[in-house]
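Labels run A, B, C and D following the written order; every chain starts at residue 1.
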Amino acid sequence: MVRRYSAVFAFALFLVAIQLATLFAGAGYYLTQLTMTAYYSLLTIGLCMLIGYAGQISLGHAGFFAIGGYVSAFLTTCDLTPHKGSALVSLLSKSGVLVFRPGLYGGTLLTVHPWPACVVAILLTVVIAYLVGGPVLKLRGHYLAMATLGFGIIILRIVLGTESLGAADGISDVPGFPLFPGLAISGDSSLRVSNYYMAWGLVILGMVFLLNLVHSRVGRALAAVHGAEDAASAVGIPTARYKLHTFVLSAVFASLAGVLLTHYNGGIGPSEASVMKSVRYVAIVAAGGMANLWGALMMSLVLNYLSLRGYFGTFDDAVFGIILLLIMLFAPDGLLRRHILADLGRMFSRNAAGEEGS
Amino acid sequence: MLRSGACARSACSRSLHEERTKDLEFFFQYLVAGITYGTIYAIVAIGFNIIYNATGIINFAQGEFVMLGGMTAVTLHRFMPLPAAILGAVVLTTIVGAIIEIAFIRWLRRPSVLRMIVITIALSILIRETALHIWGESVRSLPYFTGSSMTSFQWGGVYVSPQILWVIGIGVFVVAALGAFFNLTMLGRQMRACSANRDAARLCGINAGNMVTLSFMISAAIGALGGCIICPITYVQYDSGTPLAIKGFTVAILGGLGNSTAAVGAGMILGILESFSIWVLPAAYKEVIAISILLLILFVRPSGIFGSAEAARLKDF
Amino acid sequence: MTLLSVREVSKRFGGLQAVSDLSFDVAGGSIKALIGPNGAGKTTLFNLISGFLQPDSGEIVFGGEEIRKLSSCRIASRGMVRTFQHIRLFPGMTVLENVMVGRHVHSRSGFLAGMLNLPFTWKEERRIREKSLEILELLGIGAFALSEATSLPYGRQRIVEIGRALACEPRLLLLDEPAAGLNMRETGEMGKLIEKIRGMGVTVLLVEHDMSLVMKISDEVVVLSYGKKIAEDRPLSIQKNREVIRVYLGDDQ
Amino acid sequence: MREPASPVSIGSHDYERKEEKMRKYIGVVLGALIASLISGAFARAAEPIRIGAIFAVTGPASFLGAPEAKTLEMLVAETNRKGGVLGRKIDLIIKDSGASPEKAVSFAKQLIEEDKVFAIIGPSTSGETMKIKGIAEQGKTILLSCAAAEEIVNPVAKWVFKTPQKDSDAVIKIFQEMKRMKISRIGVLSGNDGFGNAGKGQIEKLAPQYGITIAANEVYDAKASDLTAEVTKIKAADVQAIINWSVVPAQAIVIKNARQIGIKVPIFQSHGFGNIKYVQAAGAAAEGVMFPAGRLLVADVLPKSNPQRELLIRYKKNYMSFCSGEECSTFGGHAYDAYTILLKAIGQAKSTDKEAVRTAIEHLKGFVGTGGIFNFSPTDHNGLNVDAFEMLTVKNGKFALLKK
């Protein structure tokens, strides 16, 4: 357990070092993309839990990200001023769910406060994940891939086809997310450092949660389900329920990432729900070594950051394709585990449930 | 019989009888549209099935074969007549299929399903991006095989473009030819033996590796041919493969993986469903409906509409 | 006192009647063996009892409760645990971890507790570990606790699998051919081990081909042929049963 | 100092011109070497003006972003060849957003905070522009969008401008034509991209003013392969004309399918049809299609007196030679206008003070661009009106002025 947390501690130090380095170099702007990367990483580690530890592929996780982002964006931008008179609206605004805020280009808007919006988004995600996950996780192999892909496409189509969600333009002018006085998730450059720490703090918290989970009774049961499902069920592990819970857990991670990144970016567009995004997330988890949370996190950090900085230029998708292909051909257990972590000890290899599931 | 030129007529002056005929005409028009979609999807789905049968892999790059076929044909058509261009495109794409199998698939030992899904997705991305950097982002298309984009046959108020007849005709031909190949030729039987039991086939002296390469070549050829024949109806662009692959995959699953005849049926069902869904619902949600139905079918009958449940259970994943 | 009661259970696969109208009881604290030629339906019966398959008709009562409709994991949590004919250990896990998985039904911390790593979960984790080590010691494989389970020799893997099942503290242990693939000495040890398990108060129902083992340890034997029960008796009587001899040796009288 | 160090940061694009690029590259390296050798002090004095661009060069809107990027590269090379503006070279940074708003956000912040660009040209799509409108505003950096939607400049944001014509003006132009043709019952098809969505909204809003009823209103997928069912629904609605409002290639399929199922009523397209490749993709079916567009597409047949004529012909010729024979589209023209407006404003302000240049843009009047004659004001950050459009048609596979 000491080892588990020392790695987390080292990672936290690493993040602080980066911040200090940018501070001394006078290049604080690097933190912007690093912050965005943090939110994508939050999704990635959740997905890693699902793919690597529960052995269930999902080609539709961008859908959950979009649900979170869109619900929150919709609720915090939909102006209810015209309905001010109605009983429900006035009740909600009295209870603090609705707030008046100045519009970006003048005027005041009556919108849902980000906190309740976030809660609604997460709750909706949980409900959808349970409804979808139940039947979907009964499927295996290609059928599972198809079903999750289908789910992702449905979300994309709904987002693209619904005018109140901005159709192809998405939703813009999403306000910042005030966490508590003086601290808000927002793209404002004066809040860059605090946002950086907040975002990565959340990722670290997520990492701690998931690492704990992996090394707990539940993690052991998941590894068992992944390794030999019938044997796991013969010793009393409710395999279907565990898969479902992991699915919902990873969906919540994705959705939370969607909510927060949307507030950070000030908007969301349908590209966040696209199939290519889902494929990217899987690519990152695969590159990290499937059942390897640290691998997924590191890969997400590097690849998302480079991509968001535009280093790949017009070869953005191609770079992901090549990485995916090379890793799957030559190092299906992931780059990091094979060369670096294997030398660092058996910390992870013990929990590596072998070749990924089928 | 009323035909087109509808502008002058006001809606209320129509008699009930005319209304009925009209509805019937539209019914058939939607049906034709559905059959067109269905045939296109089925051709892609057959490509999926051939590789699936030989290897147990779903080749997510199948749509890219379709795109490559169309793109190459358009390029070749600048220098040679249409039939030669199409033939050339099919041959070139077949070679690409063979190269892909030899370079990326052949030497993998018992890869897991997840690994193969990811590899073929990666290949699909790479082919697409390569096409972008070779051909650029612009839209291309082949001329209609007969007539032009204006010509159409007409039965009553139902119109059919000759190209659709080409698509359907070639679709039928492909299914028939494949059936003959797998049932009547030695090579086809060997491929079937391989897909049934690779180890046993190997014991009988069949080179299983070559059979897999062959399956990639056949499905690349079918994909490319499909790309050429649908190119005049739609158009081809570097990224037009992916949406087709998703539809083709949907149809392959709907029909039951590995069953090409069922894929034709499933393609028709999906195509007609999509087409009629537009009749009653906004077109923006067309795909939502198609995929929701696919998901429902997956939940109830994972083996597909036509597949047998027992057979699906036997397939090891 | 009857622990498990199988009543008129039938199962059909397509055209094959795998199990037909089968009934027998297993008394608490006994060792009962199911034997029969290949294809007699023994493993199917195991799958039916342990919830991996649903019978077409009939009743299965375990500890006074009808369990026919329950899923395999529910049945396991009620105290009936099985092993597999082909060893199914969890790859990539140590021997100890394999056995710790077996403690699943006797521990509680779920997703939330696991993620938060509460003091309660540490304590539980420590208890799981201690209990699992205890079981390994009992089975005489404590020395291999930290080896990767699937790298052990075949005979030891069997014992690990039984250890994992015992970690569930079952009332009834279903062993599917525990001696398959073992040599004579190992088979002998397996026999002793099974008796020891019974000594701990666990009822045992086993499928086995090795007659010497069956005759030596079981209190009662059920003989199946083509899905039907043709005899149920004590081992000594079974050896003399004409029908059984005919089934095993062929119809040459 | 031949071939100055201009295109250093032209971006990472690869437009089928590898050889030329290679030559250019060697030229750049040599030029840079010589420049640095000659005098460091001098070079510092004439520090280049840095302009950022965010275009969807790849991805679903590449048909917009790619010509825009090429146009900008061409123009910047030209400016620098002529010695730059105010004696300073232009340094262009192009970022490929792949039409993803989140990338546009990331790039906008990079360009403003890190590269400290003077102005940003782009993005190509409305969705992206709306996401970075606030960022440009906060960062006090001029944003010249190449996207169509009206909400980019309405409400007016101090720093945000756009060069494409207004959707509403295009709709008005179409409706005026319909009124002339006595059409009152129409079917509307639009693509499911931002352009289609915005146009659809304007059509719905303006139709009642012109006494036009929308009998059918469908949205189709930008990646569809056949749209017979969609046009059948329009046919069933018994309309007198169709508006097919889209900027994606699939609009060509609509035209083909509509003609194939025997729809003979006039088809109107949007200004998103302004790419000859769409005409080629639609083939014979495109004959007679009408659409409003800037005059770029019909530059050759404009009367000599037209003030835009000379400029348009020059752009067309230059683009073709720069892109090895590729025909230009109106989309590249949006980037052309954005860049020339910016340069003109810098020239008028005689400084590179952002505020001064911004004010200069707001006061530009009678500026001749590819999209029309721009007349900016503090309340109009687009500067074009309905006169920017000409009603065009397709004749013998080519664009032609619609004869009234």
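Structure notes:
The rule is simple: a contact is a pair of C-beta atoms (placed from the backbone, for glycine too) under 8 Å apart; a residue touches a chain by one contact, two chains touch by 3 or more.
What you are looking at is a predicted structure, and each value in this text was computed from that prediction instead of being measured.
Judged by touch alone, the chains other than subunit A, held in their current positions, sort into B, D | C.
With centres computed from Cα atoms alone, the innermost chain of the structure is A. Seen from the C-alpha centroid of subunit B, the farthest chain centroid is that of C. As a whole-number value, the distance joining the C-alpha centres of subunit B and subunit D reads 35 Å. Between the CA-based centres of subunit A and subunit C the separation comes to 43 Å, rounded to the whole angstrom.
Averaged C-alpha coordinates give centres for subunit C and subunit D that are 73 Å from one another. Residue numbers of subunit A whose C-beta contacts span two or more other chains: 160-161, 314-315, 317. Residue positions 14, 58, 192, 219 of subunit D are each in touch with at least two other chains. Within subunit B, contacts with two or more other chains are made by residues 132-133, 242, 282, 284, 287. Interfaces, counted as pairs of touching chains, are A-B, A-C, A-D, B-D. Of all residues in subunit D, those touching subunit A in their complex are 11-14, 57-58, 95-96, 98-103, 105-107, 109-110, 113-114, 125-128, 130-131, 133-135, 137-139, 149, 155-157, 192-198, 219.
Within the complex formed with subunit B, the residues of subunit A that make contact are 51, 57, 135-136, 138-143, 145-147, 149-151, 153-154, 157-158, 160-161, 275, 279, 282-283, 286, 290, 314-315, 317-318, 320-322, 324-325, 328-329, 332, 355-358. Those residues of subunit B that touch subunit A in the complex are listed here as 58, 104, 108, 111-115, 117-119, 121-126, 128-130, 132-133, 242, 246, 249-250, 253, 257, 282, 284-285, 287-288, 291-292, 294-295, 298-299, 302, 317.
Considering their complex, residues 50, 52, 71-74, 76-77, 81-84, 88-94, 97, 100-105, 107, 109-111, 113-117, 121, 124-125, 128, 164-165, 167-168 of subunit C touch subunit A. Within the complex, the subunit A residues that touch subunit C are 209-210, 212-213, 216-221, 223-224, 227-228, 230-239, 245, 249, 349-354.
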